[in-house]
Amino acid sequence: MTVSVLLFARYREAAGTPSVEVEVPANATLADVWDRVRARIPSLRREERPMFSCDRAYARGDRALTGHEEIAVFPPVSGG
Amino acid sequence: MTVSVLLFARYREAAGTPSVEVEVPANATLADVWDRVRARIPSLRREERPMFSCDRAYARGDRALTGHEEIAVFPPVSGG
Amino acid sequence: MAGLYRIVERPIDVEEAIRAVAGPDRGAIATFIGTARDHHEGRPVRALEYHAYAEMAEQVMRDIGRETEALFGTPHVAILHRTGRLTIGEPSVVIAVAAEHRREALAACAHVIERLKEIVPIWKKEHYADGAAWIEGSGSTPAST
Amino acid sequence: MAGLYRIVERPIDVEEAIRAVAGPDRGAIATFIGTARDHHEGRPVRALEYHAYAEMAEQVMRDIGRETEALFGTPHVAILHRTGRLTIGEPSVVIAVAAEHRREALAACAHVIERLKEIVPIWKKEHYADGAAWIEGSGSTPAST
């Protein structure tokens, strides 16, 4: 399935794009998606502390996807 | 010596005056002054928790007076 | 010591206190606003009235600012307390503390309101539909503690 | 649940947050304002820039409001966070919590800013005379803790 991944902050800047599409097997997890994103975008390869969200709520890397979620990956937050 | 005593809040209302003058011996204490004030103003006789100040700083009842201080007596504070 | 310590008879607003403490080297401002509440211990309150020994109150508020700076390292403190009659909802007191970081600003602000209620010579009178009553503090004498 | 939770691109002010939480049955409003500081770890900062995942950020701020109400009994919470470029001294975040009494208002306000910094998807970039850097949080993943 094709999933679109939103990128934010340093990840977005490193990727040069606000979102990226990757192909993953059915039932792929967020961690699988992140692996494909990093394979596609070399500047993200050294990012070791990603935070994931599914449909605007935090999710863990082992979360399995249906392909219909709004997915985002971003670095540890620093608002305030 | 004659000392003038400022009254605040409920004490002022009970006394019907913002200040009262009393005669006390030289070297009288704040507690002595308070005794005279209550003798003069019956509506203050039941007040058992006075706070004293001398020259705009808190002082204890055993503080001896020169007669030149700004003296005040008032109930426990309740600002905020 | 920087700071603003004032008993005022007009309405007070939080912006005035914030302006008094803000500055480019500070990343955090904590404020506390006391407002006239419409009830007290289950009884409806129609209005509040505050009376102050203004000259001493401003002196004691300044002392609280000094104490707060010593405890929390926060020299930028503002305390404005209103006197006279307040309608429900109006601010009676506004405190603002600015600091480099959030934790000392928040801790210092909480300290200021606690100390204000303990020692600043101000008194509150509650007005009800059928009368009024002075509120009395817990009343330890600061000089003896 | 009452409350105001918003990511905004324009300047924010504390009065807006206060108005959102104030009410006649509340005697205390605690606020926290984060402002753009002119230095960080000894280095001069010229400007700040905040980027947010706005839709999720507002959702998470609302979650923090719910959590805060559960912990402190304070349903009246406002959180406004700015995005875009800020000049030094401008507020980046304004939090206001109203409660019947001061202690829960102050404790709840402190809780909100701690949680905001932990979990709301917003990122800060510092601009210096000679470059810029994204600031990274301590980064425990909320879902795994």
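Some observations on this one:
Per-chain residue numbering starts at 1, and chain names A, B, C and D are given in the order in which the chains are listed.
What we mean here is this: contacts are C-beta pairs under 8 Å (C-beta built on N, C-alpha and C of every residue); 3 or more make two chains touch, one makes a residue touch a chain.
These figures come from a predicted structure and were not determined experimentally.
Counted as hops between touching chains, the shortest connection from subunit B to subunit D is 2.
Shared contact partners of subunit A and subunit C comprise D. Centroids built from CA atoms put subunit D at 24 Å from subunit C. Chain centres here are Cα averages; for subunit A and subunit B they lie 73 Å apart.
Multi-chain contact residues of subunit B, defined as those touching 2 or more other chains: 80.
The set of subunit D residues touching two or more other chains comprises 34, 102, 113.
You'll find the chains touch as A-D, B-C, C-D.
Only residues 34, 50-53, 55-57, 59, 81, 92-93, 113, 116-125, 134-139, 141-144 of subunit D touch subunit A when the two sit together in their complex. Across the interface of their complex, subunit D is touched by residues 14-15, 18, 22-39, 88-89, 100, 102, 105-106, 109-110, 113 of subunit C. On the subunit B side of its complex with subunit C, the touching residues are 6, 8-10, 12-13, 49, 51-53, 56-60, 72, 74-80.
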